[in-house]
Amino acid sequence: MEFGLSDDQKLLENSFRRFTEDKLPLERIRELANKKTGYDADIWNGLVELAATGVIIPEQYGGAGFKMLDAIVILESLGRTVTPVPFTGTAIMAPVALLTGGTEAQKEEWLPQIAAGEVKFGVGVTELISTRDSKGVTLSGDVLNGNAMFVIDGGPADMYLIAAGPDNMAIVPRNAPGVTVTQLTTIDYSRMHTEVKLENVKADLLGGKGKATEAIRKCIMAGRLALAADTWGAAEVMIYKAVDYAKERKQFERAIASYQAVKHMCAEMITELDPFRSLIWYAGHAYDEAPQETLINVLLAKSGIDEAAKFIKRTATEVHGGMGFTDLMGLHYWYKRVSVNRALLGTPEMLRNEAAIAQGWLAA
Amino acid sequence: MDLSYGPEYEDFRAELRAFIEKNQHKAPPPGMGMKHPEALEQDWQKLLIEHGYTCRTIPKKYGGYGAEPDILKTVIIQDEFTRANVNSGLSGQGIGMLVPTLLENGNEQQREKYIRPTIYGEIHWCQGYSEPGAGSDLASLRTNARVEDGHFIINGQKIWTSGAHFADMCFILVRTEPEKPKHEGISYIMMDMKTPGIEVRPLVTMTGAAEFNETFLTDVKVPVENVVGKRGEGWKVANTTLKHERGMLGDPSQLLSRIESILKILQNETLDGKRLIEHAMYRDRLIAAQAKTEALKFHSLRLLSHTLKNEDPGVSRLIVKYYGTTLSRELSDIALEALGELGQLYMGSPHVRSHGSWQWRNMFDLGLIIGGGTSQIQKNIISERGLGMPREPKLAETK
Amino acid sequence: MEFGLSDDQKLLENSFRRFTEDKLPLERIRELANKKTGYDADIWNGLVELAATGVIIPEQYGGAGFKMLDAIVILESLGRTVTPVPFTGTAIMAPVALLTGGTEAQKEEWLPQIAAGEVKFGVGVTELISTRDSKGVTLSGDVLNGNAMFVIDGGPADMYLIAAGPDNMAIVPRNAPGVTVTQLTTIDYSRMHTEVKLENVKADLLGGKGKATEAIRKCIMAGRLALAADTWGAAEVMIYKAVDYAKERKQFERAIASYQAVKHMCAEMITELDPFRSLIWYAGHAYDEAPQETLINVLLAKSGIDEAAKFIKRTATEVHGGMGFTDLMGLHYWYKRVSVNRALLGTPEMLRNEAAIAQGWLAA
Amino acid sequence: MDLSYGPEYEDFRAELRAFIEKNQHKAPPPGMGMKHPEALEQDWQKLLIEHGYTCRTIPKKYGGYGAEPDILKTVIIQDEFTRANVNSGLSGQGIGMLVPTLLENGNEQQREKYIRPTIYGEIHWCQGYSEPGAGSDLASLRTNARVEDGHFIINGQKIWTSGAHFADMCFILVRTEPEKPKHEGISYIMMDMKTPGIEVRPLVTMTGAAEFNETFLTDVKVPVENVVGKRGEGWKVANTTLKHERGMLGDPSQLLSRIESILKILQNETLDGKRLIEHAMYRDRLIAAQAKTEALKFHSLRLLSHTLKNEDPGVSRLIVKYYGTTLSRELSDIALEALGELGQLYMGSPHVRSHGSWQWRNMFDLGLIIGGGTSQIQKNIISERGLGMPREPKLAETK
């Protein structure tokens, strides 16, 4: 028995940290953010070479056949460098949906392409979590109508998985007739989500009509977990950037890191952050090894790390003083990444409400 | 406690309401002040000054309305413009900081020359205090000036010079006596922004906009008579100004109108078919923030009363910046969090609410928490000056 | 125009501060708390001599004829020394109810006795704010049945004003047949509240049947305001006790007041506290001068100061370190006073909900 | 990650469940440990040790079960006792702190003499560390001992000696070499509480109970062989113990069972006819706290894994006390606030819930935040040792 990363996972962690840190010095992060595409071919191809896009895809479909916890190790690294790639949609949510609910033919068609980096998926499930500007997509016969908001990673996607109610999910090519894709620009320019409008689009339904209930459920769960791991990585970096800056920056003839106020801000940040890594890990572990425990742990993990990151993004910026407010330090790229993660696939308040229902504390 | 709205004030309010009603078509939209005042703003400002609705207590001979301080009228003016959501005249660092400083520390010639065009929006000012290495520890600034031929020759770099790219003038702190202890060698100088040697570069912030600038100064020549107060006494002079700045930042009427805007969001937007206001969590947070805002509103009145009577309100004044900026951030947090994913959309995006101004506001609020004395500095001030707790003890010499 | 206390009010403040501080050194506070009576004859008589019990009672009924803001000045002082007297029930809530809704005969009977300190009133209105263990008292014909929980200052009271629904309030002697009084012991031993059970008690109704609606409304409002002022006074004392202790206490060869962490805790406390004094003052001023603004300001004032005091009671204790946790310093008497005030006549959550309704933000 | 509950562990759990099921009628109620263990507790403790359900890894020769460390079994034991709400054996400072210290720093004779009776509840210990003037700055303690005729003669005053009035023994820190620097002149001594010269006075706390004592020591004679470790090395020895204490305080299974209790309150109590759980605010806060508790649960497992592999988990260990105690206070806050006025009732009052234990808990939680290193000290440790930030700089000599 051991709670923690295996030696293999530590190697994986090291190689991805090296890869993302090499690829994404601050100037490159800034440059790519300014493009607002949520994608970079060079990084994407590198990830494919490292077998990342197929991390949870079984070997029989051309993937690495690893577990969700391995994916989390990668996601932490991607968060650490606010990596502009459609990884959550393509390499986590789409494979989970396909593996859970796809027909054998659908798996054989799409999973090898994902693993090989030949296709990028955006995933539209927002309306199953909450409705604001859109009531989502409806299916009548085999035709889809409606619009899906905040399709995860929809910006650079070639293909979409769009939920139509809780039981159906359609595989929709971006260029299919009747599909209109509109980019939604959030404050985070490192990933691009979209609105997808469907007008009489003929549906290829995941697993057939009414067969996607479980696929959608797990796809949302995995997406939330991915965002939690991404936030964890980004938030940890913010803390250490603050600590390092405080050690360098002098005011009143002292490094500001020697002021108790600054020290305590840093102590509070790491305290809020650190335990959630274990909860995220456990939720990832449970995904494969103790499925019945996954849902509640994912809900608690994402809502918890979102709250911790809210505190950290502000406090780390304050430690940086005025410099934290400028683009010179670039801290805001991390700030914005965790801000948007918080709002996607369920705000903390919504997740906690769901957790009450999931535990039977409250009627659904 | 005497808050009686006697007949004089009721009349005043009625007149003001009638004025706003009749003239609001002439008013520019309430703005962020990120550009030089144009004719529209200047005309509106002139009208407001003529009626005593802005620059009320600035003496007539300098172009103001020349009224005696009257808290109730000040409050009525704030109230009514906020209520009507009508532009209440020019603000900014010239009117807010330089003018009070000149009134307190300037000589007659400087007052006559600068106050009138400043309050009429003809001269727009920026502030040159902070430097990249001198933030909280402002007095460690290194921009310096030597004197040659009746001029200061200024060299150095300033940061956070908001509006420097369209400002006409800058009031700047420079080290004129480098041999003196750090607080004693500083002078407060008014500098024409058209002087050769000034280069202004936009400073991009986390909001993506360039609300501020970096200003580089190379052999900038400024006549010696442009010093305010005595040479070497700039630190004292600047502290007058900083005091005014800190007073400006807790503005409760701005916060009150922000609560109104958030309320509209909560009443109009829905989540799962239910209005946001019916979701207890957001409503509860908004009202908790409203309580603090109302408290700040009356607290400000109390401070004004003290000011009028020349009393030192002690710690009560020192808390305002920390309280107000923290509260302001909480308000924009509430707006964003209630909006969920929609709250994360930014300028130009489809579905964005209020043009993304809540995100802008939220980031800028964090900037205000940091700017003009971080919360940590504020808490030092509150505990030391307000509660009489000991200053940071002197350190042993390190080698 | 002036926002603040008048010269007369400052004199009033001084005399009450001197009085309560003289009467209540820590040892006396401890001694009286151990009695758990919520009353001390010596202090009560002193307050009567200072005309405090009749502060808001018009001169025609033997009172001082002052305003609510004057009462607030007194209440702050009582809070400052956690004074064990039934002042809120007797001198604030009961006179407000009688003045607002009493018949002339009722006013003439009770108000002079209150002003003269000859009678102490407990006030039962809890069930109009919320019901938990009790549904309150009902009136049929002119007979009362039911039980009233948390009757304010009911411990030492001779008389009770008990609401029976929103429109009726009964004046009930403690020793009337059918009345059973049970002391409810909270953590705060400085005031004693009670449960009052009524079995077929014949009612003397305030103002007559169905005539007490406004009296009850104002009585609750004034009670809340009184608790807010009491909390303000108690919380301010906690802060200055913490500041003073920090200046005295040395650890690691320095007064702990010189540590930035301690300084900032004190700065945060005073910042949370101070503005609410103005709001409480204004609400008290509005009570007499701008009645339509009173309700919302009282709701915001009490909920706000309750939250501030929650932070202050904990932080002041932490500044005192282990000593704050002992009875030696006695800080806990203040801690407990503000804790109980928070829960009485509406918790902050309930008051904020009421504020939403009062402002028309939410349907009642 | 290997959390597989293989057949060995499933069997272990099944056995344990059967054990609890069969024997729980013998168990004393889960208690606060505020009295000397009596026969009932001692018998239960004996039964648990025999089955390896407590004192599992303490060597057999000292009376323990003598098992190898096995995290999964530790977790299963914790889980099952918590789940069944059955007394999981004796705790307290003897078993929690002295025994590990003796195992690490004691000599063989001391181990043989004290460990067995301690874990069997025959010798109950109290701790004599803090003094009225030595709290966070524990090493400034002034209780002293001189040596005469093979004995320490101890004089001074200790505070926070919980259970001193019924303890058999006390492990105490005293200054034995006053001439040495403050950390170097301290010794760790085991003292019989029946020795003449010891006076124990109850220390009443804010809870109204006397959970602690003040202990006054006048010429107390203790044999020199009762020193643990070397004379003058007591600071190091005590730090072993303090490490164990800090480990104890973040106990997630206690927090998890507290969440269960609060849940029952929210499900059973009503406000205005609606169950408290249906009031969004309390529910939301409870689940936010649950998230932190679950995080702490897995965090603790992670730390245990590190410990087993002799790895230093760095900052991750240092945060536990601050995180756990803060969380614990938030939980008791939720319980009290959800209960409204009823939550303010205290021991013995009609209508009081859970005998007032939530109020007691809430105040005691604050005591835990302060005790054993205040939150401020914890944050110093986290930032300095965990994040490598500079220690408080040396002060200049003041005169």
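Each chain gets a letter, A, B, C and D, in the order it is written, and its residues are counted from 1.
FYI, contacts are C-beta pairs under 8 Å (C-beta built on N, C-alpha and C of every residue); 3 or more make two chains touch, one makes a residue touch a chain.
These figures come from a predicted structure and were not determined experimentally.
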Task = Compute the centre of every chain as the mean of its C-alpha atoms, then state which one is farthest from the centre of chain A.
result = C
Message = Per the definition at the top, count C-beta pairs in contact and tell me whether A-B or A-D has more.
response = A-D
Task = Express in whole angstrom the distance between the two chain centres, defined as the mean CA positions of chain B and chain C.
result = 40
Key: Mean-CA-position distance for chain D and chain B (Å)   = 52
Ask   = chain A: which residues touch two or more other chains?
value = 254, 259-262, 264, 349
Request  = Identify all positions of chain B at which a residue touches two or more other chains, and write them in rising order.
outcome  = 279-281, 284, 376, 379, 392-393, 395
Request  = Could you pull out which chain A residues touch chain B in their complex?
outcome  = 126, 130-133, 149-150, 182-188, 195, 251-254, 259, 261-262, 314, 317-318, 321-328, 331-332, 335-336, 339-340, 343-344, 347, 349-350
Task = State the interface residues of chain B toward chain D in the complex, per the touch definition above.
result = 279-281, 284, 393-398
Touch list for chain C against partner chain B, complex = 1-6, 9, 69, 243, 246-247, 254-255, 257-258, 260, 262-264, 266-268, 270-271, 274-279, 281-282, 285, 289-290, 297, 300-301, 303-304, 307, 348-349, 352-353, 355-356, 361-362
Key: chain A residues touching chain C - in the complex, by the definition given at the top   = 259-261, 264
Query = In the complex formed with chain A, which residues of chain B make contact?
reply = 130, 135-137, 140, 159-160, 203-206, 269-273, 279, 281, 329, 337, 339-352, 356, 359, 363, 366-367, 369-371, 374-376, 379, 392, 395
